[in-house]
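Please find the structures below.
Below, chain A partners chain B and then partners chain C, in two separate complexes.
So, the complex of A and B:
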């Protein structure tokens, strides 16, 4: 238990990992091609890439749903395929929330659905209850909804319940595959904001697959760009989002604010590089306009 | 819709008229739920491109299903192309005939393709309308050409990207020669390049083929190019105006859980901090112009 809670726990390393679908058939396709990558605790990594770039295959490899054809995957230094019989332990450590997870709810009440994961971990009733309530809170789910049937909830609420079910296992590594697809702007902010609080509270490793550059600009610390089964780029937000040509070449887009920034710079305005969100752009522009204001007053 | 000649866009003639439309779903035991749509009165003109916004559960998709007669209103009337489709005297044949004129494309590309070969999928609609085979052949070829998917006509839809699948779904609707197409979040599940592919096709169908378009979306940047934006909140029609006038009401949109394009948001935030700027701005260039002027003024 102490070991599990230490800050170092939750490092995932991929070493020379490849994965091939339909090997030996006419449809053979190398979905993951020799990837070397490390995910570390204490930050949210945004995983972006065009459809078919290998993002979903990659996340399934990370929690052992798929077995790599080549290379090794290490969680806290241990190869996850060393002892295949202990795979369920790995799943408690590496939690994966699939796309559209709301279709996977099955229990009679939301409370029992969220409790399903922790119940399989041989925890006390009290501990399970604590986890259920806490994870519902992280996901922005009102406590009064816990005793309803999942089918009485709205789509957005069901999505939150499903995410809470994975969080309740308190995984060191939490992976979410497009957690906000199809949600309205407020729903997106609630879920991503909740994941940010969860990551901070537990100092866990969080990986979010997303198609929204704006969301990733706002909520991630690091970005990994996938293209045709390979890692096209990885690094801090500034590093990745300032390479517009690379992003567009990878079938992606740049955040809207980055577009505006490029136009302003192109017209000779001197601006810092690390600006991808409305909040930050606002700060920088206010500074610029205020300094100028003071100069005017000084005259 | 005419597949072969290019009609002129005429936007002054009503195509769909809804008068005091109310709708509620029934629960399992047959009791009506709360009203999903409350007293909606709305006119969509022939050839218009109308974006429909609203948070999850606001009633947008229900509205779409009423237009296609998948659902019938509890009260009020709907007139499509001069025919009152809610009239009890309408025969089943007439209902089917009207459905042909208003096509629908849904969010999930995997849920709306039925055949194992692309061209058979596109032929599914016209086949069900009892169109003679030679005419079906012509329509399928033309529809695939319009969405730029001719070279994939003998492929299996399952091996296409999300954007390509949506284009096939659109071709399937085009082959039924509709006057109007309702798109229910057609880009929600796509990556940025897939989103751009689909949006280009939708704009082309409207601009060059005179198809009336209702586009339901959570993506504010897709809505800015519409002729008109309709906002639905809790089943009521809450805004109906040009994109510029709708998106300049930033506080109102925020209060009902919606976003505005990031450039508009930026100008609004600057305004809250005391930098006076107009907010009726939608494009990067307009926003850059305003900011540069402001910066130069201060010098």
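So, the complex of A and C:
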């Protein structure tokens, strides 16, 4: 594949995909129910849903760890189950960071752990080293930490090291399953900010599974809402977050600013629709107050 | 993938065998085992088959599941059968092929052996493992063995260890599955290469698995201590086991079965071991 092609690649398409756990036992459960969905490159898609809505199952289907019972999954137009023997290649293309990825670290040093993925790709030593350093940077890991044992790091640092281990494979599609679960606000910002800069730098497809409406409001471009193994809604941020009834019906919440916006709009104040973060809301409201003040003075 | 391994075979349901007291089921398992080895006569073996079939039907476990449980021992069954056919000497020669001589007795012996093993496994699994949750089994075992406390055997501690071990088997399997998936997502290959390559490929799974197992054990110990766990002395139980009429009916049925087998062995004609 030439460079031009790989720049435009990274489309993941699901066609009528279903997945059932424990088929033929009393524990049978349909986790994914006839999903049709496309993830486009060049944006961050937030995958949100209540616990048990099938988010984690969906992301495992996307990189071939689970095989769909029905339907097809296409990555750049190729069915990922056409050639099961070449699944490894797929995994280098579709990188998946699991929930609590820090428990997968095993090497003696962080550097070697991050290099595990790239060395499975049979890359040259220099290329591996370049990728290790670069991915550590994206994840906000200091270079001096690279030569420590992963078990000496703090929880947040370990999480970053684990994410760096997947990013070092430079996948066209990067999927993160709850990358910020259990982290403090600073850690969340750092990791999600790093993912955003990775996405912007590589123009790749990034899919983030999350519970946090605030995080998704801040960092995602598109939102997919899941409920009981189905896609309840999908679209741009504004479109999805404006349907607060649907979100609450799916067992979710709306970002706090959206709630505030609804109250203010209910009182007849005109506000722009595309505001989801506290910072942006502050700016908008301050501007509004200033202009209000000026009109008062003008009178 | 790993989830398909059935260590605890428990198959939830609401049959009489599911509802019976785990202590009684442990006793009945012993009775069943004894009965299987008491059978010596063609008619008693027929009775044994009928009784085992009745147990399977009563448990409402799909027979397919029971047979699946027999799969791992097919080799042992076949092996014992072949040994018995060719090595048993008797009076009625069936046929001769060079130095191999097959006697009627040998064939009967092999058939009886197969029936024994199959009935033993099918019977005990529907009485105990398929119909009793592992926790209930350890609970029952603890109470059955309670008299041994008198001779200072730490029965409670053993059963607590068993309970915890059983409790964490699915967790560890899940964890293994997760770590394997995570490493697969980083390009690990567990299925190709030489035996040494494959063993090496497991290192990235085993290290995190051990680390998390120790962490879990530590956390569990702290959590138990926080709730003032100090061993079995003076501990009461939330679910007290009580024998019901059903248990005694089952016991009576099993006892009748044993008696019938003994009577048949003694009085029925035909080939016997």
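Remarks
Note that the second predicted complex is superposed on the first by the 292 of 299 C-alpha atoms of A that agree within 3 Å, B and C clash if a C-alpha of one lies under 4 Å from a C-alpha of the other, contacts with A are read in each partner's own complex, and residues count from 1 in each chain.
Just so we're on the same page, contacts are C-beta pairs under 8 Å (C-beta built on N, C-alpha and C of every residue); 3 or more make two chains touch, one makes a residue touch a chain.
Here the structure is a predicted model, which is why all the values come from computation and not from measurement.
In the superposition on chain A, the chain among chain B and chain C reaching more residues of chain A is B. When the shared chain is aligned, chain B comes close enough to touch A:214, but chain C does not. When the shared chain is aligned, chain B comes close enough to touch A:50, but chain C does not. After overlaying the two complexes on the shared chain, residue contacts for A:98 are found with chain C alone; chain B is out of touch. In the superposed model, A:278 makes contact with chain B only, not with chain C. The interface of chain A with chain B does not overlap its interface with chain C at any residue. For chain C in complex with chain A, the residues that touch the partner chain are 3, 11-12, 175, 178-179, 181-189, 203-204, 207-208, 211-212. Residue ranges on chain A touching chain C, taken from their complex, read 22, 26, 60, 63, 65, 88, 91-92, 95-98, 101, 103-107, 116-117, 120-121, 151, 165-166, 169. Contacts from chain A toward chain B in the complex involve residues 27, 49-52, 154-156, 181-187, 211, 213-214, 251-253, 255-257, 259-260, 263-264, 267, 269, 278-279, 281-282, 285-286, 288-289, 292-293, 295-296. Contact residues on chain B toward chain A in their complex (touch as defined above): 54-57, 107, 159, 161-163, 185, 188-195, 218, 221, 257-259, 261-263, 265-266, 269-270, 273, 275, 284-285, 287-288, 291-292, 294-295, 298-299.
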